[in-house]
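Each of the two complexes below includes chain A, the first together with chain B, the second together with chain C.
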Partner chain A sequence: MKATDIQIALCGSAGDGTIAAGDILRNAVARAGYRVISFDVYPPEIRGFGKCISRVRITTEQSYALKRQSDVFVSLDDSHAIPHVGEVRPDGAVIFESQPVATVAEGHHISGHIHPGHIPYGIPLRELSEKSTGGGRSRNLVVLGYIAGLLGLAAEHFLSIIEKKFTKQGSEVVSRNQAGFHAGFQAGAATFKLDNVFFTPLGAPHGSEQVVMLSGNAAVAQGCMDAHLDTFFGYPITPATSIMERLAVALPKRGARLLQTEDEISAMAASIGAGFAGARAATATSGPGLALMSEMIGLATMAEVPCVVFVSQRGGPSTGMPTKTEQSDLNAALYGSPGDSQHIVIAPTNVEGCYRCAGKAFEMAERYQTPVIVLLDLYLSNRYETVTLAVSGPPFNLNANKPRPRLEAGEVYKRYALTDDGISPRAIPGDAGCMHVITGLEHNELGRPSDQEEMHAAMSRKRHDKLLGALQHPDFTVSKRFGDPGRVKVGLLSWGSTFGECLEAMFMAQAEGIPCAAMKVVMLAPFPVQPVADFMADCDVVLVPECNYEGQFAHLVQGILAKPVVRLSRVPGSPMPVEAILGEVRRLARGAVTAIAS
Partner chain B sequence: MTAHHASPSVPPHRYVIIGNGVAGNQAAEGLRSRDPEGLVTIITNNRLLFYNRYLLPLLFRSHKDWRELQSHSADYYQKHRIRVIRDVRVTAVDAGRRQVMLAHKEPITYDTLLVATGGRSYLPEELADSRHLLNSFGTYEQAMAVKKALPDRGTVVMLGGDMIGLDLARTLLSIDCRVVLVTHETTFWPHQVTPEVRMEFLNVLRDMGMDVIDGDAAGGVTAIEPGTAGLPARRVVFRQGGDVYGDVVMPFYGLVPSVEFMMGSGTDIERGILVGTNLRTNDNHIFAAGDVCQIWSEQEHAYRFYYGYQNVRAMGAVAASNMTGGNEHFAITQNGSLRRDGHGHIDSSFWAYD
Partner chain C sequence: MSIMERPVFVDDKLREVRQSGRLEYRSRSLPTWCPGCGYFSIVEGVTYACNEMGIAKEQAVVVSGIGCSSRFPFFVDLFGFHTLHGRVLPVATGVKTANDKLTVIAVGGDGDGFAIGGGHISHAAKRNVDITYLLFDNGIYGLTKGQTSPLSAVGLRTSTSPFDNPEQPLNPLMMVLAYGASWVGQAYAGRPDHLREMITKAIAHRGFSYLHILSPCVTFDKTSKTYVNLGLRVRELPSGHDATDLMAALRQARDQESLAIGLYYQESRPTLNATFEQLVAKAGGGR
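Our next item is the complex of A and B:
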């Protein structure tokens, strides 16, 4: 039986309930046992009539990216939907309002813009909503019901999710919305299905794992909680805010604390203070906030204080495009702090990776006594995926600190002792006999200021060498190769959220007979030189797709390995289309390596 | 004969065709070839692009996807720049403003309009309340619904028995279904047959294996009811008493022109839209073609309908020519009477679509 792979896109105006409908859809199908990847696009304005799109890909097996073309496209607002109506696959469905409340100017109804190769479904959404709920506001629920009825999805999961979502607003609101869903469901079930899209039944889930629906930011928050985060300091900024919002609810329940500071500088400084005091601390921000934090990150590097910074990238520079995704803060994360400010930078590639990287970031921060930047982006922060979590509990080591040796009588505690692995025994204020100071000044092993040449060189080496251990950090995937083993024509080298698109492109290229492999690089600093060099040596040509203009990761790779790569750098403000990567792979596979590579 | 041609100072001519059948699509093709710059828009309440409805009976012989029935691919419409607005309903034509009004409250402006909406199945008034228990056969979706409802070797009760229904009936007989025909004055429609010919061909149908019930003798059908447990899904009740069961009951009482939206447009309408042999209505900007129009016959001094694929296609071509400044006249290309084929089975020129 053919596996399920259906992508549904809902497009409307702010206030149409587009994002809410997408949220109900993805949660309902996830509850039914399907795998989901979903991403919402919404306007920068808090209120208004901007465009909202919720895309939900529903699969039997795990998928890695959204498809460029949806199978079903819903218009809740034609003025916004018309430019996107072409984003439907051949024979795909376009569902639209057939009974709008007001007169439509000629050419402004979506029916006149539907491609001949698509199937139109004009539905009286408002009328069905009014008849079933007494008002027209439940059009989004009606259309969800229509889709479920048309495609043969069971109503029960939708109804329970609707109940859960609206229960705080009272039973009447729950009933009204469920009635709207029912009306749509009956209409959908009664509609002859012209397309051969269907949902296949699912097998029983594994007992050793639980599947949950999380956004990237929710996964980060969950990872923080499972890693026993003690304190969080933050200042709101899109698209990182929801990390703080979730932790603001979760942390106090466990007796832990969250403080909204006056700005990002304070948030970072407070995190360092907490880390110095022995608390597990973190902050979250975006590009502009990272810029403000850069001096403090240098302090944490110099003072070797553990702290974790979650950075969700958006379009830049400056205020840039707050609600558009981009991968253009790589340089700032790697090099943003003055001086030889070495620290760890890791970048998850999917929502499950957000969870793991969040928990592991605390391990690394404490083990290597350094700031750890976890680099997300808006696409990853806001996209939803079904995530498999082990029932056996969080896979994090909750005490990664290097054990402090017992001090002999009269022995002086050296907070910055020069050791073979560069890691010094860590004590926190109050540990008997371990009184010490920390400073942003260069210092000796005791922590006392020193500007001697030999000491500065030794401490610089220590701060650098200790991080190399992170490349072998236990149970952490620093980099990983996928696809064909051995020699390949094209290798895709990628980081962050774009890797999912790379993986989909690789599968499609393989299906076309192109020998192809892909490598994700999760740890960006310190850089996993050997695995990446080995991978590149196996590839006739290496393609680096990334969502920034300068090709920042390509620069990094070329700078470290001195080997040519082909860049695919784009700044569309949206995820890199799989087809764009596939097109480049095809071109390269044909031997069309141009001067770009040299 | 001059076609409209747009120049930089003259906006392209806007041709709007209501209807997505043989006449409408033939006209669209003709308009495109005669006026390469014109804007051609087809408006239809169907979800699918134009497909050959004459092939619908074949769905019962083998599984055919609707894509296999389509006359043109989606690319054809793009290549020829023919816009097709589907799954929308026309509610009115404002001839003064030259606008077609759609149910979703959008006007579509035309310079020249062709009405080619064809006809829909006629249902006697006494059966209106039983509509939900009847299966129509005008579209792919309806045909598939019949196929789904009909068990292997099941029974179909055909009410009326026009030539559309009899075309389906011969296919159903060939796959060992039972067909019960309840005759009506519209049996053999659109053929107009004498009592003798009618009797002859009812016997032909019996010879082919059809069960024929004399509807007049039974007093006509008064109701359709759900079948009771253990019996087929539908019960047809006769006025004089008695009944017949079937898995599916299908009305085939001929077609009535779909012209309701033209009321109030100022266009002359009798049963269909009245046109001359040039297919022009009393409004110079409105033409009509296909099963929806009644064409003036000089010979008969009356307006009359002309059915059949070839006639309708010819009307589409004539309309396209005249909408672009031509002066052509429709001449009947397909007429005929009932006949028997080589096997002695019923045959009709209305079943020919090539």
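Our next item is the complex of A and C:
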């Protein structure tokens, strides 16, 4: 039987409960055992009647991106939904209000815009809501019930999710919403079936795994908790705030500490202070906050203090587009501090990656005694995916420090001892006999200020070389190749959230017969030179899709490998469209050589 | 104590220092400050306080910013973190948050604290972080070779105010009192015996203790905060001063002509770390 792959999009105006309905939908199907990827778009204003869209892709195996076209599309507000009718696939369903409260002007009802290939489901949403709940406000629940009934999804998971979601507002609200759902469910079950969209029953789940639904930021918070984060310092900024909000609840429950500081400079400074004192410490921010932290990050590099910085990118420069996604802080993360910026930068490509990168970041910070920047973006922070977690417990090392040998009697402790791997045994305040001073000044092995030429060269080498170990960090995917093995026509080289779209495009290109491969680069500093060089050597042409204007990752790759790549740099404020990548792949496959020449 | 302290003889002083045991707290590095700089007596004061209080060397951390004053951690044999210009307080807050047991002493200059780092003092005070902040006030930027600071007097001529500083200086004590610091005092580097007692009391206080230390920069300020001028302007707080009376403290602090040394204000309230523990209890958590 064919595996399940259904995408449902709900579109409405703020206040229609569009996002709430999407949230119930994704949680209910996840509980039923399906894999989900989901991303909501909502207006920047807190109040008002801006457009909201919730897209939920439901599959048997975990998918990497949303599909270009949805199978089922719901309009809760025709004025917002009409421009999006084109994203419904041929033979897909469009569900809409069949009995508007007032007369609708010519051309303003969605029924006039549905494509010939679409299957229209006009239903009296408001009427059903009013009849079942006594009011018109439960249209979103009615429509959810309708979808479940239509597609043959069991009601039980929806009902329990609805209960969970509304239980704080009282049992009356719960039963009202459940009644709305029921009314829709009966209507959906009674109507004619959509014969090309169906759910395939699932096999039994694996006992050794636990599947949970998380947003990228929730996964980061979970990774922090599972890596036993001791202290968190932060200053609110979209789209990173929810990391802090989650930790504000979770950390005290484990006896750990969170402080909202006066600004990002302080957040970073306090994280470094706590890291120096031996705690696992982190902060989270977005581009503007990263700019304020940059002097501090350099201090942590120079003084060799472990600390973790989560950076969720949004549209820039400056305050930019706080509620739009972009990948334009790569340069700032790599180079944004004075002097030779020597630290680790990793960027997950999906929600499960957010969890793993978060936990691993603490291991790396500790092991290599360095700041670690984990680069996310709004698309990754806010999207939901089902994530597989090991039941046997968190896969993170809770003490990654290099063991410290005992000091001989009379021996002076050298905080910055020059060693083969560049990592010096670290003592922390409280360790008797190991008193030392760390500093942002260049220093000798003891930590005393020194600006001797040989010392600066030796210490610069140490700070550089010790990071190279991270490229072999245990149980961490630094880079990975997908798709056709061996020689290919087009290679997609990608980082961060855009990788999911690259993979989807690659699958589609392969289906069209184009020999194609894709590589994700998770560790951006230090750079995995060899694997990327090997990959590029296999490709007739390398395409680098990324959501920034200047092609920051393409520049990085070209600078390090001195080989040309084709850039696909876009700043749509939303995820890179799969068809844009696919179009480029097709074009390059037709004339790979001309592309390089041009 | 009278304004004229009894004369100190070097031999007596050396004997006293050797016998006291406080040399234990001095590092192998000798201070790199100019001879005569007021900061020497602050090193003395801190080592004296550590010795008096029996602080274990590995349980104390000195955090500093950037400036002549901020070189301080290198001259004592404690753990130390020489951070960035203006960032001593947030770093010290992080250290204390990570480990309740540590005695954390923050040090820095007047530029470090009241210019670039000015935004942090209010928050450290408000949170009542259990650290001691020793502010070295020479009224000038020493390390960068003599520029105007926010605590420079009107009329001070410096390399960046060649036509004399026109701006009125801040009133640091009034500010810190208004911020809600739970211990506020002032001392003078030229009165080392009083200074060391004040440092000891400041460290002993549980909560954010702020000690403002007047200290001449003998190299770059020949006219304003000199030993001669400060010697004439420094007075003691009135004998009846009530250190629990915030208004009385503010009145004393307002007089920037004659500078009163001593304990201005003290109160007891939960420290930041205590509030963390309250929070953990509320959340029903525990380690």
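Quick note on the criterion: the second predicted complex is superposed on the first by the 587 of 598 C-alpha atoms of A that agree within 3 Å, B and C clash if a C-alpha of one lies under 4 Å from a C-alpha of the other, contacts with A are read in each partner's own complex, and residues count from 1 in each chain.
Going forward, a contact is a pair of C-beta atoms (placed from the backbone, for glycine too) under 8 Å apart; a residue touches a chain by one contact, two chains touch by 3 or more.
It should be emphasised that the depicted structure is a prediction, and the values quoted were computed from it without experimental measurement.
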| item | value |
| --- | --- |
| Simultaneous placement of chain C and chain B on chain A, clash or fit | fit |
| Which superposed partner A:435 touches (first chain B, second chain C, both, neither) | second |
| Chain B versus chain C as contact partner of A:296, first or second or both or neither | second |
| Broader residue contact with chain A after superposition on the shared chain, chain B or chain C | C |
| Touching partner for A:119 - first (chain B), second (chain C), both, neither | first |
| Which of chain B and chain C A:587 touches, first, second, both or neither | neither |
| Partner chain in contact with A:262 - chain B first, chain C second, else both or neither | second |
| Touched partner set for A:271, first chain B, second chain C, both or neither | second |
| Which superposed partner A:106 touches (first chain B, second chain C, both, neither) | first |
| Chain B and chain C, minimum CA distance [Å, superposed model] | 51 |
| Residue ranges of chain A touching chain C (in the complex, touch as defined) | 230-231, 233, 249, 252-257, 259, 261-263, 265-267, 269-279, 281, 295-296, 299, 303, 429-441, 448-449 |
| Partner chain A, residues of chain C touching it in the complex | 29, 56-59, 61-63, 66, 73-74, 77-84, 87, 90-99, 101-102, 119-120, 122-123, 127, 272, 276, 279-280, 282-287 |
| Of all residues in chain A, those that touch chain B in their complex | 90-91, 97-100, 102-106, 108-109, 111-112, 114-117, 119-122, 192, 194, 196 |
| Footprint of chain A on chain B - complex, ascending | 41, 47-49, 65-67, 74-75, 77-78, 83-88, 102-109, 141, 144-145 |
